[in-house]
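Here it is: the structure, laid out below.
Chain naming follows the written order as A, B, C, D, E and F, and within any one chain the residues start at number 1.
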Amino acid sequence: MQRKIYDYADGDEVNLFMVIKDADVRVAKNGNKYIAFTFSDPSGAITAKYWDAHPDEIARFQPGRVVLVTGKRDVYQGKPQIKLRHLRLANTNEPNDPAAFIPAAPCSQEQLEEEINQYVKAITNANWRQIVEFMLRQFHDTFYTYPAAKTNHHAFLGGLAYHTVSILRLARAVGEQYQDVRCDLLYAGAILHDLGKTIELTGPVATQYTVAGNLLGHIVLIDERIVETCAALGIDQYDEDALLLRHMIIAHHGLLEYGSPERPALLEAEILHHLDDLDATIQMVKGALSQTERGQFSSRVFGLDNRRFYRSQQGSNDD
Amino acid sequence: MQRKIYDYADGDEVNLFMVIKDADVRVAKNGNKYIAFTFSDPSGAITAKYWDAHPDEIARFQPGRVVLVTGKRDVYQGKPQIKLRHLRLANTNEPNDPAAFIPAAPCSQEQLEEEINQYVKAITNANWRQIVEFMLRQFHDTFYTYPAAKTNHHAFLGGLAYHTVSILRLARAVGEQYQDVRCDLLYAGAILHDLGKTIELTGPVATQYTVAGNLLGHIVLIDERIVETCAALGIDQYDEDALLLRHMIIAHHGLLEYGSPERPALLEAEILHHLDDLDATIQMVKGALSQTERGQFSSRVFGLDNRRFYRSQQGSNDD
Amino acid sequence: MQRKIYDYADGDEVNLFMVIKDADVRVAKNGNKYIAFTFSDPSGAITAKYWDAHPDEIARFQPGRVVLVTGKRDVYQGKPQIKLRHLRLANTNEPNDPAAFIPAAPCSQEQLEEEINQYVKAITNANWRQIVEFMLRQFHDTFYTYPAAKTNHHAFLGGLAYHTVSILRLARAVGEQYQDVRCDLLYAGAILHDLGKTIELTGPVATQYTVAGNLLGHIVLIDERIVETCAALGIDQYDEDALLLRHMIIAHHGLLEYGSPERPALLEAEILHHLDDLDATIQMVKGALSQTERGQFSSRVFGLDNRRFYRSQQGSNDD
Amino acid sequence: MQRKIYDYADGDEVNLFMVIKDADVRVAKNGNKYIAFTFSDPSGAITAKYWDAHPDEIARFQPGRVVLVTGKRDVYQGKPQIKLRHLRLANTNEPNDPAAFIPAAPCSQEQLEEEINQYVKAITNANWRQIVEFMLRQFHDTFYTYPAAKTNHHAFLGGLAYHTVSILRLARAVGEQYQDVRCDLLYAGAILHDLGKTIELTGPVATQYTVAGNLLGHIVLIDERIVETCAALGIDQYDEDALLLRHMIIAHHGLLEYGSPERPALLEAEILHHLDDLDATIQMVKGALSQTERGQFSSRVFGLDNRRFYRSQQGSNDD
Amino acid sequence: MQRKIYDYADGDEVNLFMVIKDADVRVAKNGNKYIAFTFSDPSGAITAKYWDAHPDEIARFQPGRVVLVTGKRDVYQGKPQIKLRHLRLANTNEPNDPAAFIPAAPCSQEQLEEEINQYVKAITNANWRQIVEFMLRQFHDTFYTYPAAKTNHHAFLGGLAYHTVSILRLARAVGEQYQDVRCDLLYAGAILHDLGKTIELTGPVATQYTVAGNLLGHIVLIDERIVETCAALGIDQYDEDALLLRHMIIAHHGLLEYGSPERPALLEAEILHHLDDLDATIQMVKGALSQTERGQFSSRVFGLDNRRFYRSQQGSNDD
Amino acid sequence: MQRKIYDYADGDEVNLFMVIKDADVRVAKNGNKYIAFTFSDPSGAITAKYWDAHPDEIARFQPGRVVLVTGKRDVYQGKPQIKLRHLRLANTNEPNDPAAFIPAAPCSQEQLEEEINQYVKAITNANWRQIVEFMLRQFHDTFYTYPAAKTNHHAFLGGLAYHTVSILRLARAVGEQYQDVRCDLLYAGAILHDLGKTIELTGPVATQYTVAGNLLGHIVLIDERIVETCAALGIDQYDEDALLLRHMIIAHHGLLEYGSPERPALLEAEILHHLDDLDATIQMVKGALSQTERGQFSSRVFGLDNRRFYRSQQGSNDD
C-alpha cells in the first residue's frame, strides 16, 4: 500500500496518488490563472496551488479525478500544504478509484451496519421498525458511504452512518436514564434523521449539493420518502405513528432558523435535536483540537460561531 | 332571512341564531366559572360572557354548535359585545347548520372556481397543469370552503380560495409587467401554496389546528401530497418540473424563521412570497381600518408587529 | 402519615397541612385585597385564592409557614386548585416543619451522596479531586437540600444534587463514547457548576433570590469560592488546573446572553454546557407532559420559548 | 456607432471607448500600486486591472473620465474582464461625453415622462397633484437621468424614473384589485418616494454619495423639499393632506432598521413599501440570473441576504 | 394652598382637587363599566377606580379636567391609590386650571431660561446661534412648558427644558475634558434635539401624541422647521453648517431601530446621543428608586428593558 | 533623541529604531513566505512587508524586539507604510528597551497617579477606600503601564490609567449634577473596573491575551482579587459594601452579550457603564478622525459597528 500524505514530514519530497476534492480556478496578481487544489487521501486533506494553469489543464483536473502528485510537503501557519512540482492524471493501470482516496469512518461499514441493526431490532413499535427496515434496505448503499455533511463535520466516507451510530449510543444512555422516553421512537428518528443527505448531496467523493438538495433540503426530501414508504407498507400517513416519526425528522434542527419547518413538540424530538447537536459539536471541537498544539488555542471553528478552543497542556489521563 | 348581529344597533335587544366560534371557560374573581364566548353569523363575530356557568352548560355550549342568543347589543371601547340574558341550543327544526352562520368570502364559490379555472388553463407547462388539476379535483370540497388562517387573515368561509384568487390576480399583473417571469409556474405555485391548510386546520367552523398540522405544518403536509400526485401522474419527483413546483410551495414563507425550510431560490418563488405577504397584509390592514373611525388610529394589529393604522379623515375618491 | 393533596380527587373535601410557597397580595375588582396562594406538600404545588384578606391575615400567612387548609379540591382549565373554606397556621403541637411539606428528589439524600462520591473518586487529577472534596464538605448541608432553580426545573428539595447526578450520568456515557474527553475535568465541573445556587438562593422552602444572588449571580459567587479553596489547599489560582476548572463553571451557560462571562473554550466545557441544558430541558418537558392528557398538547412551557409539547396517544413500551 | 464591450466574444481583441466607473488604487504583492478599474459602456460594466500604476496615471484616470481601452476580452470564474494592454484618455475630438457610456433604462426618457404624466393626471386630490407637478418640474432634469441606487438595483441612466414607473404600474394593479385603496395617494407617494436620491447621490456617472446624502439620507432630504413645496403652494404643512403624503415617503423603507423614522401607518404607505421592495427585488434577481447559465445557481446577491438563485433548465414559454 | 395628595398618609380621608391625567374605560367582571383613573397634582400621580360608571359620567370625566376627589388614601403592593367615595368636576369658582395640577420641573421656568440662554451665548458659530435663537423665540411658550416624553422620563411641566439643561451641563463637562469637540455644535444640537416634541405631543396636560407626531415623529417634524429657519435667515440648507446641525438632531437616537434615519457620523452627534441616553436613564432609575424601600429592589422599569434596580441599605454620604 | 516615524514625510528615506508590535507570517502568491510587520515608536504604529522571509528571519524578528528599520516612508490609500530595504535587531549598545518605543498616554505617570489619588481620597466609605488603596498598591506597577485594550482604544503605555482618569473626571461631573448618586461608590468602581486587564493581557509591549484572560476574562479575574482583598482587610465578602463594589465591576459592560454576567442593578453601576462606553467611544472616534482629511469621511471603525465618521471642513473654534 502506498505511503499517505500525512506519513510524510514537513520538507519531504512527495510522490503519491491522491484524489482531487476541490479545484478552484482563480486569477493571480500577474493576471494568469491558477488552480487552488484540495487533494485528499485516506489520511486527510491538503491544499496546493497550481500556477499558470492552461485552459486544458483546468478542464482536465476536475474534482473527483485521481492524480499523481509530485512536489514537497510544506507548512504554512501550522497548516500543511504541498508545493507542487508536477501533476498528472492517474493512468488506467494505476490506482484509479476515487473512493479509495478519501478519509473513512474509524470503523468498518460492517461494524456500523451490525451496530445499527441492533438498534433497529430494539424498535418495538412494529410500524416504526418496518419503516426503518424498508428504508435502510432502499438506501443501503448510499447510507453507508455518504458523509454526514459537505465540510463541517463527519465529512468522510461512511460519515453519515458513523454520525448516526454516535447518536444512537447517546440515545441509549439517555433512554436508560430518563423514564417515559420512548426509546424506539428515538432510535427510529435517529436512524432516519439525516438520511435525506443521500439525496441532498452528490456522494462521498468531491461532495457537492444536488439541485434537489439546494431547492428542497434534506429534511423535506426524506419526509416525502417516509410517506412513500408508509404507502408501500400500508400505513396511513396521518396515523399517529406516521405523524410522530415524520415530526422527529422535520424538527431535528431544533430551530426554524436552522431549517426545521416546525420546532420539536415531542420529548423524543427535543432529545434527538440535542444529541444531534452534541455529536456534531464534539466532532468539530475534536477536529479543531487535533490540529492544535498543547497549550495553544485552535484556529476559529466556522461551524461553532468562530470560537477558538484551548488544548490544555496535559491530556486526558489515559494519554 | 333572519336579521344579522351587525344589523342591530348599539343598545338594541337581540334575539337571533348564531354559531359558537369559541367557548373559553374561565374563573371569575368570585371563584365561579364563566364562559367567554365568541359567536358569529355571516355579518361577523362578536363576544359575550356567560356568568356562573354550570358544568352541564359548559359541556353543552361547545364550539361549532348553533345557539339562540337573547340579550342586548352593547359596545365596550369601540368593540361590540352582547350582554346575554338567555342562551340555548337550536332545536332540530330551527336553523341548525353551523356553516350557515360563519362569514363568507365576498364572492360565491362558483365565481372563485370559475376564475381559478381560468388561471389553471393558462398553465402552459403540461406537468404543472396536470398536477394542479389533479389536486384541485382531489381537494375540491375543502379548498373552496376552508379559511386561509385560524384568525389573522381571510378567516372566513372560502377564505382560502379567495386569498388564492387575490394572489393570482396580482401574479398576472406582475407577469405582464416583467419579462422572463414564468407565469405558469407562478400560477401553479399560487394555487397550491396554501392548499396544505386543508390538512392543517379542522375546517371553516370553529377552526382549530389538527395534530398533523401542529406536528408537521401545512408546508410539509402539502409537499408530500404533490409528490403523491406526481407518482399518480407518472412524473418523476426529481424531474426539474417537480422540483421547481415543490420549491415554490416550501419557500413561500420567505424566511426560515417563518417556517419555510428553504428560502426562495427562484425568481417566481420570490415573487410568490411577496404577493402572498402583500395580500395577507392588505387584508389585515383593511380589517383593522374597517373597525376604526375616520381620523383615528386602529387598535394594534397582532399579525403586523402590533402596529396601529390611521384611517384618514377623507376616504378614497369613490367613497 | 397524612393524605397528600394529589391523593384527593377533583371535588373532594380537603383538610390537610401544607406549606405556603407563595403568597401574592392582589386587589380584587371590588377593591378589596385577596391573597393568591401557592401551597405545597410532598406531592406537589397547588393554588388557591383567599378573598377579602385583612391586614393581619396578610401579615400572618407568610411564605414558609405551615397551615391547615380546609376546602374543596377543584379543577380549572386542567389545572388543579383549592376552593378555600378555612385557613389557619399550624399549632406548635401539629406538623410544623416547612421542609416536610415540599416535594423532594425521587431518591434519598443518602443515595445522591453515595453516587456523587463515586464520581468524586473517579477524579484522577489530584488538584481537582481535592478542590471538589473540600467544597462538598464545606457546602454539604446546602448542596444536598437546595433546589436547582426557583421555579423552572428541579425546584424541589434536593433538586440541586439530583440535577448534578443526572448530568454526571450523562457525562459518563459521553466520556465512554468519545476519546480524548477528560472525564475527571467533566466530573469536577459538573459537581461544582451550580453549587453557587446555594449562595444565590435562600433555601428549599419558599425559595427567593438573595441580594448577593441578584447582584452577582451564582457563577461569579462560586468562582470566588473555588479560588478561596485553591488558596486553602495551596494551589495557585493561575495554575492551569485551577484555570481549567474555573472555566468549566463560568462557561457552563454556553452563551454570553445566558450569563456566562465567557463562552466554552474547552471540549469539556462545551460538553458540560450541552448536558446541563439537556437535563434541564428533559426535566421541563417531562414536567409539562405529566400535567397533560394523552393525545393533547401541554400548556406553554415558559423556560422553553413558550413551546407546547404533545403527549402521544400511546406511551412508552413499558407503560 | 462603435461596437460595445458585450458585443465582443471571450478572447477577442478590444479597442473601444468606455467611461471609468470606479478606479480603486491598491497595492500588489510586489509592493507596487495598481488600479482596479470598472469601465462601462451602454452594454454594461466590466473590470480590468492596470498594473504598476504611476502617481500621474492614478491622478489622470479618475472616475467619470472617458478612456480608450485596448486589450483582450477575458473571462474569469464566469465573470468577464479585460486584460489591458493600453489605456489613454479620450481626446477632445473623440467620443467624450461620459453620459453616453453608461447603461440606460430600457425605454426612452420621453416614454418614461409620458407614462408618469398619465399617473400624475390620475391624482384626483388637488393638493397632492399640485405638489407632485411642482416637484417634477423642479427636479425634472435629475429625476429622469439619475439611477435609483449606487449599485444594487436600477443603477443605470434613468433608473430612478424607470423604477418609479414600475412601481406605478404595480400600484395601478393593486388599486384596481382592492377597494378602499386611495390610488391618488399611492401614485403621489410612489412618484416622490425616491426623489431624494437626486440630492443623496452625485449623478448617473461614477455615482457617489454626497455629504448631504451621507449625513441626512434621501428620506429626510426630500421630506424637507415637500414641505418647502407646500409653502410655495400655500398648503399648511400640518394639514392632513400634507401629513399623509409626507408619511408615504418617510415610511417607505418599511422598517426602522432600514432607515424609515416611522413604520407605515397607512394602508397606502404599507402598500408602497411592499411594491418598492418587490420591484427592487425582481430587478436584482433578474440581474443575477442574466449572468447565470441555465441549470446553474447564480453567484450570491448581496442585496438579498447573499442568496443564490437558480436559473431553470427551461425558460418561460415565450423564450 | 391646598394639601397635596402625597402629603396624605396611607389610610387618611382625602378631599382635594386634582386633574384627570388618564381615564380608561373598562368592563368589570359583572359586565358593568368602570373608569380606571390616573389623577395628578403637583406632588405626583395616583390611580383610582370608579365603579359602575354611567355613560354621562364617562363623557364628563375626560382627561384634562379638574375634579374634586373624595375618598381614602390606600396602598396596594407598595403603590398608592385612592378608594373613591365621590367625584365631581370643579366649579368655575374653584381651582380650575389643569396646568396647576401637574408636577413641574425642580426649578422655575425663569431659571431654566436663564441657564439655557447662557449656553446659547456660548455658541460661537454665528449660523448655529442665529438658528437656535430664532427657534427658541418661535417655540418659546411650548419649549418651556412641555414634558420631554409622554410617560417614561421627564414627564412633567417643563420637563423638556429641564432635560435639555441637564444635557447641556453634561455637554459642558465633556467639552472641557476632550479636545477637538466643537462645543457650540454640541450645545446647538442639544437645545434643538427634542424640540420636535412640542409638535409631536399635545401639551403638558393629559399628554397624547398628535396625528402629526404619530405619522412623522419629532425628529422629522423639527428637521423641517430647522430648514424653514435657515430659509428665514438666508442660510443655504445644503451649507455644511446647516447639514451638520440637522445631522445632530436626526441622529440623536443613535440607532436606526430607535427611529434615527441615520446613525451618528459626527463626534458631536455621537456624544449628544450618549448624553441624551445617560440623562434619560438616570432620570428613570432615580424615579424607580424613589418609590423603593432601602434594601429592596424596585419594580421593573419598562424603559430600561424591564430591569429592577437595588436601593442600597445606606444612602449617599450627604443623606 | 532620535527622529520619530511620524516626523518623516511621505517619500523620505527612513533609518530608525522601532519595536516590533506584530509579525504575521504569510505566504505570497509566488509561494514564498513574507512577514507582515507592524512597527511602533512613541509617535505611533506603521506597517511594512518583509518579502521572501527565511525561517531564521522569522524566528529572529519576534514581537517585542527592537529593530533598526531602513527603507522609505510610503503612503497607500491614505495609510502610511514603510517600504523596507533593510532590517536588523538592535545591538546591546543601541536603544534596546521595547517600552521606550511604544506610544504613551498624553500625561505622565506621575500626573495620572496624583490625580487618581485625589479621587481615592474622596472615597468617604472606609471599606471601599481601603479596598481601592490596597489594590492600587498591589497592582501599582501594572496599573500605570498597561494599555486599556489590545487594539481598540487606549492601546498605549499607561492607557489603562489614562482611561480610568477620564472616567473619573466624567464621574465627578455627573456626581455634581445629580443628587443621590453615591460618588464614592462611583469612584471606587471606576478605579477598579478594568484593573483585571493587568491579568488578562500580557503587558504594554506586543500586547496579547494570557491564557487566564482567554479562559476567564478580566471581569471574573479581578472580582476574585477584590474578594481576596476583602479577606486581607477583614471585610466580609457578603457584606453589602463588598457586594455593591463587586457588582460595579461585574456589571460594567452593561449587557450580558458584552460579557457582564449581570446587568447593572445600581444607579452607580448604570452610570459607570455609560461613562466607560462614552470615553471609549470618544477615543475611538477621535482616533479615526485624526487620520482623516477635513471634508472627508474616515475609514470604517471596527469597534463602532463599522461606522464612518465625518471630519467637518471647519474645526472647533480654538483650532
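We adopt the following convention: a residue touches a chain if its C-beta (ideal position, glycine included) is under 8 Å from a C-beta of that chain, and two chains touch if they have at least 3 such contacts.
In this text the structure is predicted, and so the values were computed from the model without any measurement.
Asks: Any chains in contact with both chain A and chain D?
Replies: B, F
Asks: Any idea if chain C and chain E meet via the same residues, over half in common, or different ones?
Replies: Different; most numbers are used by only one of chain C and chain E.
Asks: How many angstrom lie between the centres of chain A and chain B, each centre taken as the mean Cα position?
Replies: That pair's centroid distance is 43 Å.
Asks: Measuring from the mean C-alpha position of chain C to the mean C-alpha position of chain D, what distance in angstrom results?
Replies: Between these chains, centre-to-centre, one finds 60 Å.
Asks: For chain E, which residues are shared contacts with two or more other chains?
Replies: Each of 29-30, 211, 214-215, 240, 244, 265-266, 297, 308, 310 in chain E touches at least two other chains.
Asks: Can you work out from the touch definition every pair of chains that touches here?
Replies: Chain pairs that touch: A-B, A-C, A-D, A-F, B-C, B-D, B-E, C-E, C-F, D-E, D-F, E-F.
Asks: Give every residue of chain A touching chain B within the complex, in rising order.
Replies: Interface residues on the chain A side: 199, 211-212, 214-217, 219-220, 223-224, 227-228, 231, 237-238, 240, 243-244, 246-247, 250, 256-262, 265-266.
Asks: Could you list, by residue number, the parts of chain D that touch chain B in their complex?
Replies: The touching residues are 124-125, 166, 169-170, 173-174, 177-184, 240, 244, 263-267, 270-271, 274-275, 277-278, 281-282, 285-286, 289, 297, 305, 307-310, 312-317.
Asks: What part of chain B is in contact with chain E in the complex they form?
Replies: Those residues of chain B that touch chain E are 28-30, 49, 51, 76-77, 83, 295, 297, 308, 310.
Asks: For the complex, give me every residue of chain E touching chain B.
Replies: Of all residues in chain E, those touching chain B are 25-27, 29-31, 33, 211, 214-215.
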